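First chain A sits with chain B, and in the next complex the same chain sits with chain C.
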Partner chain A sequence: MEIKDLGRSLLRKRGTTVFLIIIASVVFVSILEPIFLRWSNIRSIMIGMSSDGLMTIAMTLVLVLGGIDLSVGSVAALSCVITGGLYLSGMDIWLAVLIALAVGVLVGLFDGIMIGKLGLPPFIVTLGMMSLARGGAYIFTQGSPLSLSGAPESFRFIGAGYIADVPVFFLIFIVLAAIFDFLMKHATVFRSIFYIGSNEKAAKLSGINVSKVKIWVYIVSALLATLAGILSLSRFNVATPSLGSGAETRAISAAVIGGATMTGGVGSVLGGVLGVILLNIVNSALIMLNVSVYWQDFVSGFILILAVTIDFLSHRKKS
Partner chain B sequence: MNSKRLILAGLLLVVAMGSVFANGTGEAAAAAGTENGGSSVLVGDPSEQYYMVTFTSGQDYWKSCYEGFQEAGAQFGIETQYAGDPTPDVAKQVTVFDQVAARRPMGIAVTCANAEAMRESINRAVADGIAVVTFDSDSPDSDRATYLATGNAAAGEEAAKYLASIMPDGGNVALLYLVGAENSEARAQGFEDWTIANPESGLKVVAKVNDRGEQTEAARNMSAQLQADPSITAIVCLDSPASLAAPTVVQEAGRTDITIVTFDTDTAILDMIKNGQIAATLAQGTYNMGYLSMKFLYDMAHDLPAKALPSYIDTGITIVTAENADEYYM
Partner chain C sequence: MAHVLEVRNITKKFGAFAALTDVSLSLDRGDAHALCGENGAGKSTLMNIIGGVFSATEGEILIDGAPVAFHNPRQAQEAGIGFVHQELSLCQHLSVAENIFIGRLPKKNGIIDKEKLREDALNVLSSFNVDFDPDDLVGNINISEQQIVEIARAVSLDCRILILDEPTSSLTEKETENLMRIIRELKSHGMSILYISHRLSEIFEVCNKATVLKDGHYIWTKDVADISSDDIITAMVGRSISSIYPPKAESVGEEILSVGHLSRNGYFHDISFNLRKGEILGIAGLVGAGRSEIMRSLCGIDPCDEGSVRLFGKELGKNDYRKTIDEGICYLPEDRKLLGLFVEMSIENNIIAADTKAVSGNGMILKKKAGSFAARFVKELNVKIGTLEDPISSLSGGNQQKCLIAKWLAPEPKVLILDEPTRGIDVGSKVEIHRLLRKLADRGVGIIMVSSELPEVIGVSDRVAVICEGSLAGFLSGDSLTEENIMRLASGKEAV
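Now for the complex of A and B:
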């Protein structure tokens, strides 16, 4: 393939536009504020995006399926306080982690059965789960953050440790993103998520067990959110019932910026990762450039709409 | 299949109602004995209900308020209830307040997420004969009887004075808080005004950072601010999510020269004070706010001389450090 063709083929890919916007943003901010490219800043952006990143992988999967998962932030909070609470009651921290993961599986199974088997709307089911999980976190802690001072170093390492000066939390996110991106592109069972999202009836007629796939996708989604909660607990050493408030909207934004649609059948984990990187770069850039705190949300919203519009128009033109 | 769906939908509804109950009204206080059975106006009827309504319900800050409210209620032998929405959302708080008022309690003590947004609801409740006082955050143009608070601006001032006392050479300060929340904004204003009025302190507010009411966001934004301005040597956290995030941010930035002062007395914050991550936290007179709110509500509901009510009560501030932190564990 000639370089020109390769270039064209790359541009046709949805993520390429977002990638180019990220590069342009980094160059622009770095010219105005060179310390933006300092390793310590890049590292702080890495760790800052990791929790949202895990939830963005989850959200991309469910959006491609044609669903939505509004409960990711609340499930993260629930897993965070369950792990913290059980540890404080005297349980081994890793056993507490396993129990939190099991609760995550149950949450996903519940959502999956309601949506996949009974055919209830994902928006309503996960909206209900959002309240249930958040309510559960408040009941479990009686509203007070639980302090985990004295947690084992091995547990602190997964959320607060570094390998070669790169946050472990970020490495876990990137490795999982790479695995899920690969599976979404190459594994037959993950490809069926696209078929269901594009045309559920046709997928069913072609022999795909639609309800089973839906159940599995919601389990995976809840598990990723659970992991985000556990890693946040490890990072902050505090189990907070309000953790992850609003995380679902950030995950949806990142997935959609990365090319996923709200109608299903389209999207990629790599795109979601690029979306979450863009969101975090914009956030960091606004602070770096000393934009007033009262203007930050406004400017951030404007830039994101601009980014999505550029991506959408360039994609439409090409196709 | 349809009947299965119906049963499951029914089950869901029950679970949802349970969740709402858990999020909404909290436990009722046990009514104290009333052996004197109304022989004195200072002994109420156990059927009398008094509510405390807050936003961001469930935080330790409000728990301490409610503890005072509950204990005063027990002294009068009446029933107290706690209600609120777990978010800082103004509209949700208005809804919770309206729902509580619709139950026609004898009195409501409310802290206002937004002064103007709460005004109509408070006025309606007062017109319906419900005694209403505000605490911590006021709605000054409403018909509430009185306002009990430390005064958030005064609390911000106290934080600045304390920081100046432990940083005699001054320093550059970042304020981390929920932008747009009236109590935090007032604390920020009080802090900044004091530093401007006392330039000899050497304290200077160089950044205001939005924690968006959530600790991951607080960490993300504060972390970026520390990168943008390494001259920052103090972080003043004006609410609980900020306070829980700041020590992690400082640690991740590898900084050991940053002093952290916080607000509120969550157990986790007290632990961080004891292990040296936070220098001090400011405890506003939360117990007093609740206790005195209940006392005034009772007085008004029992036609005791309401004209004796002052329009504002200062409930005081305590600086909590490693020396006295143990007294604040709940």
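Now for the complex of A and C:
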């Protein structure tokens, strides 16, 4: 009976559903195309998902809070070109990284104050920030990518290096995902994010400092996006102002596939990570199976709507 | 001659609960008929039946002597019944004229005929003698003018029977005067009006008949000229309090809380009271009198402009509810769904929400500690649950409310303020909550209970403070603590 209960409670979790879909896709694709399971392919899937993965962690946090952060992709671009530009102007690369992180904190602080203190709608504030940061990145580079020749090996290592044949970028993503998943499940301050997302008024009336929590969540979100930008710079060795365009929609899709809702109070980082993995595996599979790349967006959209519909129907049946 | 409107032997049941039992009422041409009763007496249910929102379980409605059956508000509207709800239902961003003719705008060649719209609106408004223009945006005119727009809309639908539900509850004195004038005007043109208001003076000003309901039963209908406001109050409340309430305090101890001259501009003014150990202080008053606002400012949830709050003689800081909680004052808000519950979250998470620190170590919530903590309160309050992991939405209203009370017992308050703690819950849970409050008071926790239900306030409280329009109208205790006195103080009269 206990095993049956365990099974049932696992099935009720969105993560399990996504995990099963991942397994099924992998099995399906590797039967059609065994190359899919080669380590080199798996490695490239890993590195390909890491930047989106960091932003999905960020998006999961803000969605659970009952907000949204549309600026993740362009904040990544901004931090990427700031780091690259400052390095090219002769600054030490690590100092440039620190400055980019500081800019990330400022961006998050700005979003957080506008949303948490002034009470402006998160969609509008971060939509504005999305353009501000993207515009800033273009202004900073005058529109053309900056090639980062001769960057120190230590910097190249974090985005393009390997440990035991696993991409460091991916390891950073997975470790952060594990940390945030743990914190979201257990940390006292992170529980406030769920309370606020579930019922902001009730959270306030429970003595939770709602604006403070909102401000730091947006700071964390901007910092994760900043990190994605810095690591992408290290990976590509080029500071591109168009980096991460559309990343916000992919992050929202992944977080929602993983169980987060647009109304807040629900979601898990683990679910979001599984969502990212699913979307990237399917994209890679499409390439492997020689499907035109134009199908990628189409299929991602289909998966998103399918996941949400299944979830909606299964919950409706219960109540 | 047949009555314009006749309601015969209406009974309305919601499940096993009878909101109305065998209620009859009639309205003639040019009548203004007041419907009186406490909160929960069945006034709204009756109006909603006449207005086609609900259908009656038994009984019939006749218009001009012919029976009618409404299945939706539209049918009632077509039969000539206009219903102006307490909460206005206007589109703030549209003009007055567009609001009056919403859903039936005059058209010419498929587009809105602005000129005809304006003309028609002026036509309708001409009988109201108003200062605003049909082209003004509704958001830019004041509340009483918006009320007039609502009435104008009903009138323009050729209604002959107008239901006004607490039309003056958000109006100033001057605005009320204007509305009274309009009601008299409508009456003189033959409109029949069904008027609901807690303010008795208005009833004597414009109504010629009054019907009293109590607990869903019809009490009487009389000509207003033959009665006094005391007659209405007595009829509304005249009933003995059943013995379901716990015993009162035997003795009260030292002062726990003292509130001095608390004021918040526009909300309440110069509120002073104290609370003693072992005592349950009831806060009574009409809805909108400012009771919740006083409590919220007292706790530091909302700001206040003047005054002090002292807990055991120590003055509390302002505008910091977290600190107030930690000092020992907790507030259970009135609207469970809107302000209390974390609906998607587990019972356990709901119970620990106000005091997550108590179940944490090193910044982490300790699962085991949280579980046993929540389980202790679930047991103490006799909450019926499956497991602590179930979502709180799976519980009944009464059990949800018990969980919220548990949430506020968790920080071990010295003063617990409960705002409408038993609204909308079953009788069994209600009795349990009343007993719990007495138990807590006996244990030395100061209890303040805001309630609109008079029998509850009287049955549970040792002393009652009555609030009237933002001011403290007086305290009642012992023999003077009667429903009649509460109603008198709450409507701005002297207690007897």
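Following the convention adopted for this analysis, the second predicted complex is superposed on the first by the 296 of 319 C-alpha atoms of A that agree within 3 Å, B and C clash if a C-alpha of one lies under 4 Å from a C-alpha of the other, contacts with A are read in each partner's own complex, and residues count from 1 in each chain.
Methods note: contacts are C-beta pairs under 8 Å (C-beta built on N, C-alpha and C of every residue); 3 or more make two chains touch, one makes a residue touch a chain.
It should be emphasised that the depicted structure is a prediction, and the values quoted were computed from it without experimental measurement.
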Item to complete: Using the touch criterion from the header, give the chain among chain B and chain C with more contacted residues in chain A.
Response: B
Item to complete: Tell me which partner A:186 touches in the superposition: chain B (first), chain C (second), both or neither.
Response: second
Fill in: chain A residues touching chain B - in the complex, by the definition given at the top
33, 35, 38, 40-41, 44-45, 47-49, 51-52, 114, 118, 128, 131-132, 134-136, 138-139, 142-147, 149, 160, 232, 235-238, 240-247, 280, 283-284, 287-288, 290, 293-294, 296-297
Worksheet item: So in the complex, which bits of chain B are touching chain A?
Response: 4-5, 8, 12, 15-16, 18-20, 22-23, 56-60, 62-63, 86-87, 179, 208-210, 212-217, 219-221, 223-228, 240-241, 244-245, 248, 251-254, 266-268, 271-272, 275, 330
Response to the item:
chain A residues touching chain C in their complex are 186-189, 191-192, 194-195, 198-199, 201-209, 265-266
Item to complete: Mind listing the chain C positions that touch chain A in their complex?
Response: 301, 321-322, 324-326, 331, 333, 338-345, 349, 353-354, 356-357, 360, 363-365, 367, 407
